Amino acid sequence: MPNSFGKIFTVTTWGESHGGAVGVVVDGCPPRLPLETPEIQAELDRRRPGQSDLVTPRQEEDKVEILSGVFEGRTTGAPISLLVRNTDARPGAYDEMKEKFRPSHADFTYQAKFGIRDHRGGGRSSARETIGRVAAGAIAKKVLHVAGGVEIRAFVTRVHDLEAPPPDHFPTLEEVEASSVRCPDAATAARMIERIKAVRAEGDSVGGLIECRVRGVPAGLGEPVFDRLEADLAKAMLSLPATKGFEIGSGFSGTLLKGSEHNDLFENREGQVRTRTNRSGGVQGGISNGEEICFRVAFKPTATLLRRQETVDVHGQPAELMGRGRHDPCVLPRAVPIVEAMAALVLVDHWMRHAAQCGTFKF
Amino acid sequence: MPNSFGKIFTVTTWGESHGGAVGVVVDGCPPRLPLETPEIQAELDRRRPGQSDLVTPRQEEDKVEILSGVFEGRTTGAPISLLVRNTDARPGAYDEMKEKFRPSHADFTYQAKFGIRDHRGGGRSSARETIGRVAAGAIAKKVLHVAGGVEIRAFVTRVHDLEAPPPDHFPTLEEVEASSVRCPDAATAARMIERIKAVRAEGDSVGGLIECRVRGVPAGLGEPVFDRLEADLAKAMLSLPATKGFEIGSGFSGTLLKGSEHNDLFENREGQVRTRTNRSGGVQGGISNGEEICFRVAFKPTATLLRRQETVDVHGQPAELMGRGRHDPCVLPRAVPIVEAMAALVLVDHWMRHAAQCGTFKF
Amino acid sequence: MPNSFGKIFTVTTWGESHGGAVGVVVDGCPPRLPLETPEIQAELDRRRPGQSDLVTPRQEEDKVEILSGVFEGRTTGAPISLLVRNTDARPGAYDEMKEKFRPSHADFTYQAKFGIRDHRGGGRSSARETIGRVAAGAIAKKVLHVAGGVEIRAFVTRVHDLEAPPPDHFPTLEEVEASSVRCPDAATAARMIERIKAVRAEGDSVGGLIECRVRGVPAGLGEPVFDRLEADLAKAMLSLPATKGFEIGSGFSGTLLKGSEHNDLFENREGQVRTRTNRSGGVQGGISNGEEICFRVAFKPTATLLRRQETVDVHGQPAELMGRGRHDPCVLPRAVPIVEAMAALVLVDHWMRHAAQCGTFKF
Amino acid sequence: MPNSFGKIFTVTTWGESHGGAVGVVVDGCPPRLPLETPEIQAELDRRRPGQSDLVTPRQEEDKVEILSGVFEGRTTGAPISLLVRNTDARPGAYDEMKEKFRPSHADFTYQAKFGIRDHRGGGRSSARETIGRVAAGAIAKKVLHVAGGVEIRAFVTRVHDLEAPPPDHFPTLEEVEASSVRCPDAATAARMIERIKAVRAEGDSVGGLIECRVRGVPAGLGEPVFDRLEADLAKAMLSLPATKGFEIGSGFSGTLLKGSEHNDLFENREGQVRTRTNRSGGVQGGISNGEEICFRVAFKPTATLLRRQETVDVHGQPAELMGRGRHDPCVLPRAVPIVEAMAALVLVDHWMRHAAQCGTFKF
């Protein structure tokens, strides 16, 4: 099931950029969760195009419809089907891509794999696929929030070479949303916005880093071996378009420390086993330890450029391609709610799996 | 199935450090593959303790036994059960861990999750769990090699701050195995070995980076959305003990480039669609593009230290712990075959999945 | 994923009787399959209400919309999302069921399981859920037909105690569709129709048997142990509403034979290994043997009766319930295409699984 | 994963009749369950050959070894690996099967599927594969019994045409074990034993029916659609060698009733919603309703006959085969603990799944 994610709380996304609609089916959702359309819409609005002058001007409301699984304002335990119609499709804008492979895009590999390809707007590789993830993630976030007080906060921490200082507190949603670039450090945010605009003016693009923190997760989520919490988070993040790397806790820079510098010593804090430092990033031995979960995701610069690039066509002949269509010169601002959504999906699924094995029968 | 990996070529590992044995069941292996015990043993020998003066002196032959699924030197398509007895268990050496949580180990989180814990040698969190992975990976590597001429080569590229220059060719197995640290650059290898010995003398530990390259993978493996090839590689790598990060292709440093610098332009080389550069790391849109697959994995310094550390005991009381037992001051040399094994498992599984969807029926 | 079926060719159904719509997502479909809406619609028309005077008069066109996964008349390998709007919902007709548990329905168990229940038309337990199965099955049937010439034919073989003689040939679609009861034996069909009408006049209901035959399946599909072909067929059939039993080949009556009477002797027929008899029903050791696959499914009488029944209400108090709403006095005629759909889903999935393990790599 | 069963409590069996051993890995078992080897051994002893004069004289102790997942007499939550060595293998006895396909056996289909076949004792198709199921089932039974007071009782209800009267109470284990044929009705049991011996004397074989009842299962286990409790039970039972049919509750004979005769009316009994009759067999809408679960499984007569049979050889040439080796003239007595094991596996898995979705988060 290549288009499904999660073992118990399972989401299946479907839809292409220029098909009739995109959507998601959420299967295994706990029953009786209060759920209204606006809660899902709010998350989609954070991801939708046209929300600021930094992102693609594609004009779509991305209005979500709940088709099943909710009755009188509560989930029933039946699969929840969510649908968003595609309304601003401009297939003609992509005619050139029918014949030419865009560099660093999925055009060539889709053709190689499937022997057929919906070239309009990238088809299935379009960022519109993430609408389903965000809609499902909104439900997962609500489950985590209502049931466990869990808070998930992603934010842009670097654009190109402009890096924000590490936040000295758990950033609030307001701080993140204060700037269109979703960097909670206002000064850096301003420079990031300037950079993105400058790069866009050149028809170019930039990438950067998103950091995600999660607090309120109890100790015990995750599995010792293959389904380690960080392994599933890594998969979730690398499953997003344009990602090239993942690190948790001390990450790549932690490899420069000695063990004596890196270990998180345990202490008793207010009656609880806690660690003094958090180089583990909230996960030890694959399992959450109750500390803040902290990871970072690397996004490459957007592949679509509004400038001429050399490539080959579907017959293998040299060709030139002039980027058209609507695109984001930097995907990070809109990727923030998507990172949160994927983190929420991983956590809810592990929470339920943990409960199944360790909470069902008491011996 | 938290102890299983792969959807079609599925491996399930089992066993603890000080239980009767460790092992793996490989389900879904193609039939008729020639397979003899020594081929699996050879990979286990690369991972086993006591193989050099850099690694834990635990003395175990790790002799593998094929219990099923192979008949007259060929696989039958039935599950292959592989078993390695634990012979050098020293449970007494771990008595202290019964009462105290080792910093940055899985002791506390296992206790928090399961309410019970086999403290001897870390139980399930022991590196001995990876025996099953390496044994299964040996089969996967053989499938890939025999059927597709695929070569997988991992090597140590950084220990602590000692980084080898990027290899100018696909390193040979001989080059990698030439040094006990498994870095193909001889000069750097010598300095790495020195550093590891120095750190061990202090009772301390170091981490670093392993790079893995794969050549011969055809275009078309991987999935567009959740099961992207890089997503499954990331999960595979982050499922290994002591890993903190994963990056593919340009990775984290690629985020410092602009799109115009980062894009891999297509060209026709000898009749094939190829990319001029390989910042994509062999994967585009989640699917292999026929170029070399290239990724790196960050390993933290070993958590077990042969020095005194503060911690708490199982009752939450402050305690001191003096590392004992046998351990590696740097896990990277022995992790090299494990990284290869996991890469092989991901690739075989995706190869078979691809064939199932795109190769079974022709329209 | 309780609402998904199949490991490689995976279908996920969603939707309730009186929600906005019902639908299905088909994931893993082979690419390049020619597929048009009318092909799916044709199967839905066989299942829809109001098609004859034997079935529920609920008036719905059940018009299917393909929302994704098909481009220029061919599947792309992306998930196929199919949607059917609910247009003749009459929620008011079910007010009584809000408070009372209908005997032998899912009302009580849904309430016990989920603590909440969409009582309108049975919610998720409605036969409308099978729309998604039939739509997905239409695709599976097409794959099997185009690629392998496989034919699947289900038909009603008994209603109440009226049993048709075993057909002396593989019934044609025309023979099955000739009568509204979908029994290919015209004489028996006439008596069955009469019986169903008589029973309906009493406000009562009847059940019976559906037989399904499949020809053209090559030897080799199915697995030796848990995922035997007959096991997955049994699961598929028992997953249908109102089913109480499954048998393959000689089935229950085969238990009255001795081994010497029951064994299917092999012979060489036109250069192929064939069996003289087919008590195995086309499956031996869990795997298809190339003979006709033949199984039967028992359907209980419809639980909804248009007469007074004793029951309890949601507070556990004694109550009386007078069946209202629209229902089929005998579900079998409309279940025929559903049985075919489920058989097709099982076979496509096993075909692809078989190819993955045994056809991808050649040794 | 064709050799795995269950989604959360997952068992993976491995091993062939004449390989080194057979075994099972149980993944996802709840932690802290008290578990000792003799509890598992006791169930294996009920299934082992040579236990009475009705069954195959193959002399094997089937001594089980717990290799992992249990520490100081309790499960740890890690995978439990169980192994039984094959000790009475007589490969020479099967030389003839190397060249000839036994009628109604898996020889031909395995060859057709895999292109290779371990012919010794049937290889993977041997009843020895069920050792792993019974061992895993012993753990599942213990979980159900300790945690929920659930009792599972299978028994032989018909051999050939000799049918026992329906028991007027839930049969005790002692009643079932009182006769070597495991029919709790002593008079019928005696006739069954006589019949089996007579048939064996002819070199022939017989089949029959096993009934299984489960009490103590709470309302709420099972899923509304594909993973209905009866669907998973049907799959579990049809996954057993030699089974040809499954029915639950009223089953096939229920199809002869009208709805007004078949419906189970609800009533309030001692403060609980109960049904007056139990034609549903304890499951409604795919979900347990708290009544006794009751189903029956049809086993065909053993395919191996100690008499001459016509067949073809691996080259498709006509051949004669004279049954040799050790076999059971009637598999039912030894199948009783296997049916119980599979029922236990289904129930534990569904219990844990139910808890995950409906018991983890409370709204």
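Letters A, B, C and D mark the chains in the order given here, with residues in each chain numbered from 1 onward.
Criterion: a residue touches a chain if its C-beta (ideal position, glycine included) is under 8 Å from a C-beta of that chain, and two chains touch if they have at least 3 such contacts.
In this text the structure is predicted, and so the values were computed from the model without any measurement.
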Steps in the shortest chain-to-chain touch route ending at subunit C and beginning at subunit A: 1
Neighbouring chains shared between subunit C and subunit D, ordered by label: A, B
Identity of the chain that, by mean CA position, is farthest from subunit D: A
Cα superposition of subunit A on its sequence copy subunit B - rotation in ° rounded to nearest 5: 180
Euclidean distance of C-alpha centroids - subunit A vs subunit B, Å: 26
Where subunit B and subunit D are represented by their mean Cα positions, the distance between them in whole Å: 38
Inter-centroid spacing, subunit C versus subunit B (mean Cα positions, whole Å): 45
Per-residue overlap in subunit D, given as positions that touch at least 2 other chains: 2-4, 7, 13, 28, 31-32, 74, 77-78, 113-115, 124, 224, 353, 357-358
Subunit C partner contacts - residues on subunit A that touch it in the complex: 1-4, 7, 10, 12-16, 19-23, 25, 27-28, 31-32, 65-69, 71, 74-81, 83, 113-118, 123-124
Residue ranges of subunit C in contact with subunit D within the complex: 2-5, 13, 101, 103-110, 112-115, 124-125, 129, 158, 160-161, 199, 202, 204-209, 219-228, 230-239, 241, 243-252, 254-268, 271-273, 275, 279-281, 283-290, 298-305, 307, 309-312, 316-318, 353-354, 357-358
Subunit C residues touching subunit B - in the complex, by the definition given at the top: 7-8, 28-34, 74, 77-78, 143, 146-148, 224, 351-353, 355-363
